[in-house]
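Next come two complexes, and both contain chain A; in the first it sits with chain B, in the second with chain C.
Right, the complex of A and B next:
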């Protein structure tokens, strides 16, 4: 039995917060991010990379060359992040971002392989084709959901495999590069590559930036964004109040797939230069991660996408020069996610010491 | 032991919102003590302090002559204080016995469960409840779930039972039975605290009544020596009169329902071939014991449920088909569903968003490409002021932070802002205090006087009788009888039961 002496110690009490200003919320987020980084540094220390070395490497990432590499890597990450956040914000769990990238890539490469359209316009046609490819692939899952009530998590996730094996079918068959005999398509022609906006940084970055602004306008300023908030918060009520939930859902999810298709386009026409069998690998997890950390806000997606790109490239450097396994990079991603996720608790609750 | 429970100078705030501001409360052993007050007066908060759920910021808690600091509900239970909350704390897919085992731990699961089953049967017999301890909780009715909660407290050997708004979810007959049971419990030595805002319950069943207003306790009285008028004045600060009824001439049919058949989520058909009409300038009341198809009927009318068959015509517009919700909106239907947070509000979004959502498609808040937040904010501030919504610090705050009555005012402000031709209201004053209730009734009456057709579906017979021009009685998904105003309460009651 607790005796009266307990009273001397006081106790921790947990209160629900009614309201917290955005700046304080940001403060909690930043603090938890820093804590996540601190834990990651400790993990790397154990793995044999002392903090000073790490700092050197990070500083290395900050030179102009590495910054260019980061920006190139950030473009497709931001685009899949936008794709994920669009669908998630209305409660459609699109876990088929990789499948949509695959079909975006196939569409773009197909335009090149069959040389469709005049040469000067080719790259633009490829971009639209990629968006249409991703869009078409996600609409298949939307149709399954609306027509047969197939859960979209299952449908989108499994359709990734269908897309992947269809890609393999092409790359080991009709589209295989005759010269190298590797499972990859013939390289894109020079005018089918994204032009550089600056030496070493291709215009994929511009595509990502424009997409961020467009999506930002859509969700923050437009009436559709207003509807999206209601569909995300309470779909039943949204329907009763007369919001065209079906049309908005189809449109937004289509945009989500198109963003994934564009990510594939930026990756293939920007970095890879051809269709490979692994160009989409890891983007599903990264897209979900970016959407989660940015709370589906398009401008935050841009920032988080950039940070994840830094993490990718630092990880690659550590891998090459310090023989750190790639799993450590994934571990660090996970640590940061958990740290940021727990900030939610402190934003919602207040812990007080009472007597 | 002169007091069973005493709370003195209790203060409690949540963030900057003060819920309790120096409340005092004292209960003698073996009495039924009513705690009366409006929504948001602090009744539940005060009792949550007594039950160890909230730690007070200041004040003392005395249980059985000993000043205590409660470390949590389990600590309160050890000291004999148990609470039945308004939203039951039961794990739905588990059995009654398992739920009770959860709060009354036994060292071994198997033998513990057998012990609990025996104890539940004994306790249920004593109270006259028919509860099978092996039934799953989700197969029980609301009234039965409440009985489980009461048994849970008593099986744990607690001698002070706090019930938060226990009759809010019960029918007249069920409430009567419950209150008699509570009286019997008190006679056998259990102390009962009854949190309520129903004056009749207080006058007929309580030994003492404490009244709360604005986070403070304002008086403790003997119910035998007081009147409804005095209690009302103490709780509300002024007396509330039923809305004035103007003479109207009934206009054309505004809402016409023909041969409507609806099924529940599990496929069972609960509304059968139901037909009625509501004319302009009248309130058509649908009375009945809850669970006779009212929810499904209301949901079908407001567009939350697709009927299996039949017709719904709102202002001559068919409201079943591809885009029923939009059709309803164009026909200017005001929907006030029973479950606000499921069908009328997005709790996580702001007050201004929830107010603007019904009108935004008209372009009232800017073109499709640009939502005019300023206009939205201005209208929201106006609506909040004209409906006297309390607890609003900013129209950007989440609706979920408002108390029940104030959230309902937001729904009313939105739905009545468009001068509706047809109003569908289902239990619009459930869980609201006298003043918020009066606002709801005034608005319904005003809509009627203006010539709208008002459908009022309610399990509260008093509400139906006060407001309706015509009354239909629903039993097992059918309208079994219709009455014209002035209707005979006894006759309606008989119709409700006869066909059951």
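Right, the complex of A and C next:
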């Protein structure tokens, strides 16, 4: 029958879900995560790593040596993840984690190069200097935002490039290792390296673990955590009811930068042993991914950080043995974020077919 | 001195064109209410697609640029799907696309062996006899085809946004999607269309860098230009002509610094490379400090439209 209702065979309608049980939410999250992994496996297959090979390589990481390497890699990832989650939870898009790492690294290496402080305390001074370096660099963006209303997304991203070129300026100039003539600083002295807590695992892991507990206490137990939840939910309302929005924002974002600085310290005084021109590469997106997947929860950050470390190690293996560019790690992370972000839609909406 | 000025200004359009095109693409998308951070990634896609098409399809620069535009548009469908259909947070969605593109182009560029292969690329057009005018001739009438096209594209986009029904509807969707929806406009369609159309210009900007300007592909070659374009949109208050002026200003700054060094004033190399980013931040401070009342920002920028939540 002709007419406007000719094609009436039903349609999709969307309902807003008022509530979905945490278990079902977790189910959607897990399902989307699996889809993301499946797409990544397909991409790897196209790039020349057949799934059986991949499985072999992953199985190969199930030994004590690889576990140690993963734990070493997890420490800086958890720290940048904490940094990202702190800032994101109050709605400050700190996308300058790499720049903050750069200045954290420069501060730590500077303490070593100019031999500041007594030798036994040197490593501690370096740690504090790194945190202060990251903190100072993020405060610049905070100041730009609060004083001049400069959007922090653009400001923090641009400051990453400024920090990177400043690092190059040092590494191709005054701080270059005269012995090797490579763009890297002279190696740290043995007492300036993080001591091992177990053979092959340096104390960076302990720093990360303590940070997780401290941030967990901050956001879950302390009064500041209560303020943060308010600011994250509704900054205007938070201000009206008398929460010191400005002070909490400055403090929390400063802590975010300090965490990034500590991540740099763990990298330089741990794995790298010197200031290099690439020690911060890729940590921005990993930080964003960890914060996003863990929904800014510090304890979830620890778990996701560990998983991303597994991904990093797998990526390194594929690079060494199969000549797959390391950017594949970034691609896989992006695919997983896209998949998980899409799942939110199904958590918040119910799709029905109505006639 | 005159020689210095002519050399300087003659090179400005090549540096300014990618900023101008990318910013214009972002303006189209953001005028429909979609906060678009994808430029850095889509420019890389355009740059790689341009080089890839040039190397594999027999070295036609125009074909390469058209493919650069299409490639960026196709990838932007993913962004449109995320933020328009699935209503993902536009900051997270945009960032995810940028990192997706960085990873993808890095992988393909190396796997397909397109890295570090110089090409002849797009040549200059000499508009004789205008090019014989002393000074101005070299600056204005000895540029490549994309430079001239950019000017036309700006006229066209400005006209569409301001004078046509389609432009009015697009802006309505960006200012107040609920009202536009009630008036019968298909908000999602306009937003997706604006993203895809804008992204073709962002792809052209990327393709221009690799095919006409640098004439080479290296991983991550856009080097933050996409982020500068994002800042340029704020500086231009979401209007096309100020964006073009801003792009020219950035072109002037970026071109003058190496020339100062060449004249013999010693400036540390890596500190020189900071200038575009520092200049952008300076401009953002100026915008923030001089903001009076309306900023020109689309009313619904960054907010997903959910009909079921309409009040």
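Observations on the model:
Methods note: the second predicted complex is superposed on the first by the 336 of 355 C-alpha atoms of A that agree within 3 Å, B and C clash if a C-alpha of one lies under 4 Å from a C-alpha of the other, contacts with A are read in each partner's own complex, and residues count from 1 in each chain.
Keep in mind that, in the parts below, contacts are C-beta pairs under 8 Å (C-beta built on N, C-alpha and C of every residue); 3 or more make two chains touch, one makes a residue touch a chain.
Everything numeric here is computed off the predicted structure, so don't read it as measured data.
Contacts of A:113 after superposition on the shared chain: neither chain B nor chain C is touched. Look at A:250: by the touch rule set out above, it reaches neither chain B nor chain C.
Taking chain A as the reference, the larger set of touched residues comes from C, when chain B and chain C are compared. Applying the stated contact rule after C-alpha superposition, one finds that A:229 touches chain B and leaves chain C untouched. Shared-chain residue A:345: touches chain C; no touch with chain B.
Contacts of A:221 after superposition: chain B is touched, whereas chain C is not reached. When the two structures are aligned on the shared chain, A:15 is found in touch with chain B and with chain C. Of the two partner chains, chain B is the only one that A:239 touches; chain C does not reach it. With the contact threshold set out at the top, residues 15-16 of chain A are in contact with chain B in one structure and with chain C in the other. Partner chain A is touched in their complex by these residues of chain B: 14-17, 55, 57, 69, 71, 75, 78, 302-304, 323, 325-326, 328-329, 335, 337, 341-349, 353, 356-358, 360-361, 366-371, 393, 397, 401.
Chain contact summary for the complex, chain C toward chain A: residues 37, 78, 82, 86-89, 91-93, 95-97, 99-100, 102-104, 106-107, 110-111, 219, 223-224, 227-228, 230-231, 234, 268-271, 273-274, 277-278, 280-281, 284-285, 287-289, 291, 306-309. On chain A, the positions that touch chain B within their shared complex are 1-2, 6-7, 11, 13, 15-19, 217, 221-226, 229-230, 233-234, 236-244, 350, 354. Every residue of chain A that touches chain C in the complex is listed here, in rising order: 14-16, 47-48, 93, 95, 144, 148-151, 153-155, 157-162, 165-166, 168-169, 172-173, 285, 288, 292, 324-325, 327-335, 337-338, 341-342, 344-345, 348-349.
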